[in-house]
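Two complexes come next, and they have one chain in common, chain A, joined by chain B in the first and chain C in the second.
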Partner chain A sequence: MVSPTKPGPRVSGDFEALLSQAHSRSSSEVVGPGDEQCSVVDASELESVPGSEGAATEQGPGPAVQLLEQAATAAEEGRNEDSEVWRQQRKHLFVLTHSGKPVYSLHGDENALAGLMAVMDALISFMKDQGDSLQSVRAGRHIIVFLERGPLYLVAAAATGEPVSVLHLQLHLLHSQILCILTDGFQKVLTRNARFDTRRLLGGVDGILEALHTSFEVDPSAFLVAFAPLRMPALLRRSLLLALQTAVREGGALYGVLLAGSKVAALSQGASRPLHPHDLLALGAFVRGSPSFQAAETFSPVCLPHFNPSAFLHAYVHYAHKDAKVCLLLLSTQPDSFMRLADAARRFRAEVNDSGALQAAARSGLQAGEGQVSISSLPALAGGGEPGMTPLLHFLYKHPGRSQFVLATWDALAARGRLPQDVVPHYARIHAAVFRKDEEFREPQPSPLRVYYHSTDEYAAIAYASAEYELYALFDPLAQKLAIVQICQRLCAWVKGSQQDLFVPM
Partner chain B sequence: MTDRPVPKPFKLCLYDDRRGQVEGQEHEKILAFYPSTASLLSRTSLIGFAQAMKAFTSVFDQAPCESILADKHTWALHSCEAHITLLLVADRGQLPSATTQAALKTVLQHMHNLLYLLLGSLSQLLQQQEGVEGARKLIQPVIAEFALYSLAALALLATRSPSFGKRLMSAASGRPKPGPKGQKSLLSPRTWQRLPSGFLVPLLGDNVGLEGSAASAEGHGPVRLASMWQEGASEPAGLLALSHGDALLLLIVPHSYAPDHRALISLANAFRGQMQELSRAAKEHFGAIRHGHVTGFRYVFEDALAHTTVQSPASKVATLNKDSLALASAVRGWAADLAQGDEEASVEVAARGQPHCWGLARRQGDNVLVLPLEQHKGDSLLESCAAAQKFADERCPGVFW
Partner chain C sequence: MGCAGSKGPPARPADVKGVRPPAPEPQPTIPRVKLVLLGDSGVGKSCLVLRYVRRQFDPQSQVTVGAAFMSHSVHLPDGSTVKFEIWDTAGQERYASLAPLYYRGAAAAAIVYDITNPDSFQKAKHWVGELKKNAGDNIVIVLVGNKSDLVENRVISIEDGEELASQHSMLFAETSAKTAAGVSTVFELIAQKFASPAASGPAEARPPAASSSPAESV
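Coming up: the complex of A and B.
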């Protein structure tokens, strides 16, 4: 549904007029009081500006020449779309306001990209003026996806092979990450005042948004709606969990999370309000993207959008083991609960140190792949073996009931020159096929598939989906179907038998 | 202009982005537009937006923008020649549910193929003495005819394009499909006449690219033939069509060939025996209601070598349930995506939907086989793939391995 907005730009049938309107609007918005920089993307616009041609005057170069020089410098430094380096990025993420003001760009400088974002605003506004809503665009290998959230537009342009549904979800999560930092309060301000500069509120958070983007590249958490648990012996995990539950209770917290890098070692949450996996994703990016948390105990406001997008919780953050990035988070609704949470955290650390559970978590976290399942460690009948000795190249197993997944290590694929960034989009496409996520079909989507298989010259891929488990696996392209099916059956049985070590109890 | 209600769900446009650069003259870009009742502002708005989007996407990808999906409309763009674009905007609520953007793009490609067949290169047409106005007079009827016959028939949009041969057969049968009066395109059966010899030639009058004379209509003097363009040709060729029963013979001849009626009668007599035999064989082979049916299977096989498509009869396909049809369409699309345009790609896709249906697709280069299997023997991946391979070995031997 198209939400009511301010009146859009006057519709013109001519592209140059459309762009001219966009630039004039971007210039008035960007070069405003307090704004020190601006940029103009389309240098041809300057040709009609008096004084833009010719050398500097006696007083120095005119403003138009300065703009041209700034744009050229921005291009050289890779900060805007005139830079070849910028254009070659596989994915771009943009956030802009309804008035075309830049808020964020994954690559480059928002100021230097003001003109481009103004064009995005103009295109989206044109569609809205027609009573329609722009969803996605395809050009060559690129898919460009548009999302409107309150007074913000979010745009993704990607040549990663990820389907539209996944890019759409990533934009949604990018918006959630902004809410995680600001709550949705800023949107109300922005709706009232279109000139409000949201960028100032997001100063210093590039690391957090970068951490989120990195998770999209190498981690299927987003499209699986699940988190990755740290693999560790069941008994030690249990002692971690009990200690964490005690800390949550004694600290008066809502949630307790023990992270080891990007994995969850333990999780304590109420049965009535379980922590949504996407909130956990945002929390993880928030912590990993803020290096200052490693320096000392920290007490920071943080919003969990699925819990309550309009209010902050208060997070006690402390790195119990810096090398392994083992980090304790206790989340409370009380802004004055730091001392109580800190006390509870000290008792937690003492207890898990004594039991050896913390060291076990640290060891697991320090292993290559952060404790992911190595294919070479699997039983042979379940596809185990060294790279080249087994047809199984990689797998991903989701436990829907616990919203957790297990990922194999990347050795076998790395031996074939494939990086996680190449393979995760492949899983995303298979997942979208299994769950029939196709933006082109308007009717209610049919039920998910139960089995999916494809073979190409690169891989043989298979997926099984049920209420109890989901398995996605990649095999050598020459693998026989019979062998693939048998390995999958035994792999599922192995995972089920090892789930105490693999999954966090809920 | 037309005598049937304009189907509002579609807008079709051909434009040249080199023209109309002066503000206020943007409409000069338009070479043809459907429906012709659309206001000038709506036409230029569409083109302006398409151009703006093309410029925007060029920041990221050198390939031109080919599709735009909005909540209510879908846009397809085809850069058919340098600076010349075909644009289709369709109401998604009015399209068949299985219509994909790839299908719309294919329709535009077929449209350009037809334009080229009838008029040759559009770029060259624009450079001719008659200029852009002359070109518009030739292009607009073809666009309008194409839209009315193809796009108005919504069910055709996702699967078929108008066949030039079908139009001629309709003319030959003497029962042309009703079309708008005053139509001036060779796509309309009304613009053809059947001579006593059996050859089909365009009607005289102000038809597209033709001139006639009263003498030739009455059986005296040379008969003027239809013109057509072959790809890469520097000049048009002449087209002669001879129908007999269910067979249609198309002869491409030098443009200078100007037979009189006597010569056409001799030519028709020379082909008559073979045409009778061909017509009889065609009726026997293709006319059977169950032509293409294979007991226990529903399928479609696109044979790249023979440039043909063989499929289960429509009556048999109609027995499949909606989910099975959707799954068949889905696996076909996934196989195409996995092939990524590679002419040598070998792809196999199998998927099991609810409640008990398998969808299987095989691609070997441009050969495609799609099989929905409902309640088939065995219910496993191995059994279903084996059944598909057995079908392929028997019905398309040597194509899929």
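Coming up: the complex of A and C.
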């Protein structure tokens, strides 16, 4: 791993220029304007780096023409870096092996991007040869972040405004998601045999990795290290939970999870090994990204990297309510436990159907925003009101003790033309500022700020952090500070008063 | 998801509480046949099962993750009934090492290939070898050439399929999950092997969680 104590060198410059120059090898420098600390990457040095010989332009004239034609077709189809559509994506995620072999690209086709991946490999290897490690590159609006995990390199290039720490975390979670599908066994194979083609093992997983990326865009689970509970009446949740605990016991399972879309309706786990929120995130993406689960009861191996990155658990997966995407998961260590789990699941379904708890979960899951708190339904003193009638635009409340968070619906922001994917990076920046994670690699971690306030043309953002709660809220930029503070206090009181319905008991 | 719109809980039509364990039911001994589908990814295993069990076909069918379970009762012309417990396994390479979990103890296996894809035929041969080696002598195997509607793209002839099947004394059928041609034949071919009392031996082969259902050993 990279050494966190010394700040990583920054190779700075215009992103496009960096890519095209490094790719065509026509120029010797990739230096952008206006940067303090730049490393000059020389093209001749790039060529001397092992593993970079895949670039198109190094071939002889005959094959080169062919390759250029292939590249042109790929560009037209949006599969490689010459395509305009590809370049305009807000975020790219890449995975490649130590030897520069492409493993995954979020956009486009990783095969068509082999040349670009070879360039990334060359950049990383170049820094490694100097006894250093490449951490991040700022290039215009883009931040490019690098992460090394075993025999894999993970690279993010984002123009989303998310801070380096958050992109770094997303790469870490992308790696975890791959482990969730494969365990870390393939890394040993890959370390022994650099020519091993990891893509063979990752057939049909694009949906899962895309579901993870979607969660990065619209939900703060990743950087909050928390999960989103489904809002539902406490009494009905209680009967869901009891039925789930019974199913876990009868099925001999380790964990039971009832998902409703991207929310968690109930959770049954041993007190000794609680599910890590990031394992829950991986599990959610695994389920949402695998539409085949909706067709029938399924038994699938799945690895929870925080639980054990080297072993599979065996998951019984079944959609108890398809329209509301209510999905029951029972996780067992036994590879032959399907029938037992299926029997336990059948009794679970009968019980929650009879009590009406399943229908309540489904109703909540089917609501706009899957039962998120609507600002118009809040008491007026806590900032409630229709869009335009209240200065409160949006809020995010984390219950650190339970590792859960509550999110407001997006309608007030939508009325101002802001989408969740514009706002979540904003929260990510506030969170990084409060926890002072953005000053990269500084140790020891300073204690978080208690109160944070920041105002732009678009929002006034406020954050409170304590051991009992964290509140992040966005207000109209013209709102008075005093009004903001009062609303925040009432809002916290309201959440505390409603926590039986809002949070999943642990 | 094209499969949406199907009504009710998918598997096990008799999804009422605890029907399974108590033995004293009207029809005391319906033979249960554990059937496993094997084959390369994308040959249409899930489509075959969904076509047969639910009479649906989804051209955008999604890649299977893990193994999907469905059960279905077949009523044969002679009045007998067989209950299939079908394991539709994922064709992806990363699941290959888990296949024994599903074929071990299976009474029947369908090895599926795509008549337009020679690689999938090679893969079928691989599965034949693996089953012959590891799955026990009594297992009934049917070789299935799917996508028979794609006549122009056919690469594997009927004769190729038949030859492979006869070499290893397997049943053989060509199907099209899209048009339904030949699909029920496959399942009825297998069912007939288990419906007659003479063939009750292999039917004792148990599902993976044998421990949970000892009552059913007929």
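Going forward, the second predicted complex is superposed on the first by the 437 of 506 C-alpha atoms of A that agree within 3 Å, B and C clash if a C-alpha of one lies under 4 Å from a C-alpha of the other, contacts with A are read in each partner's own complex, and residues count from 1 in each chain.
Here is the rule we use: contacts are C-beta pairs under 8 Å (C-beta built on N, C-alpha and C of every residue); 3 or more make two chains touch, one makes a residue touch a chain.
Computed from a predicted model, the values in this text were never measured in an experiment.
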Contacts of A:478 with chain B and chain C, given as first, second, both or neither: neither
If you stack the two complexes on chain A, which partner ends up touching A:271: first (chain B), second (chain C), both, or neither? neither
Thinking of the overlay built on chain A, is A:347 touched by chain B (first), by chain C (second), by both, or by neither? second
Identify the partner contact of A:296: answer first if only chain B is touched, second if only chain C is, both if each is, neither if none is. second
Is A:452 touching anything from chain B or chain C once the two structures are fitted on A? First, second, both or neither. first
Applying the document's definition of touch, where does A:137 land relative to chain B and chain C: first, second, both, or neither? first
For A:467, select first, second, both or neither according to whether it touches chain B, chain C, the two together, or no partner. neither
Applying the touch criterion given at the start, work out whether A:127 contacts chain B, chain C, both or neither, answering first, second, both or neither. first
Quick one: name whichever of chain B and chain C touches more residues of chain A. B
Listed in rising order, chain A residues that touch chain B in their complex are 2, 11-19, 81, 87, 92, 116, 119-120, 122-123, 126-127, 130-142, 144, 157, 159, 429, 433, 436, 438-443, 446-447, 449-457, 462, 481-482, 485
Contacting residues of chain A [partner chain C, same complex]: 181-182, 200-204, 207, 286, 290-301, 315, 317-320, 322, 335-340, 342-343, 346-347, 349-350
In the complex, chain C residues that touch chain A: 1, 3-4, 9-12, 15-18, 20-21, 41, 46, 50, 62-70, 88, 90, 92-95, 98, 101, 207-213
Looking at the complex, which residues from chain B come into contact with chain A? 20, 23, 26-27, 41, 43-49, 51-74, 92-93, 97-101, 323, 326-327, 330, 334-335, 337-339, 345-354, 380-382, 385
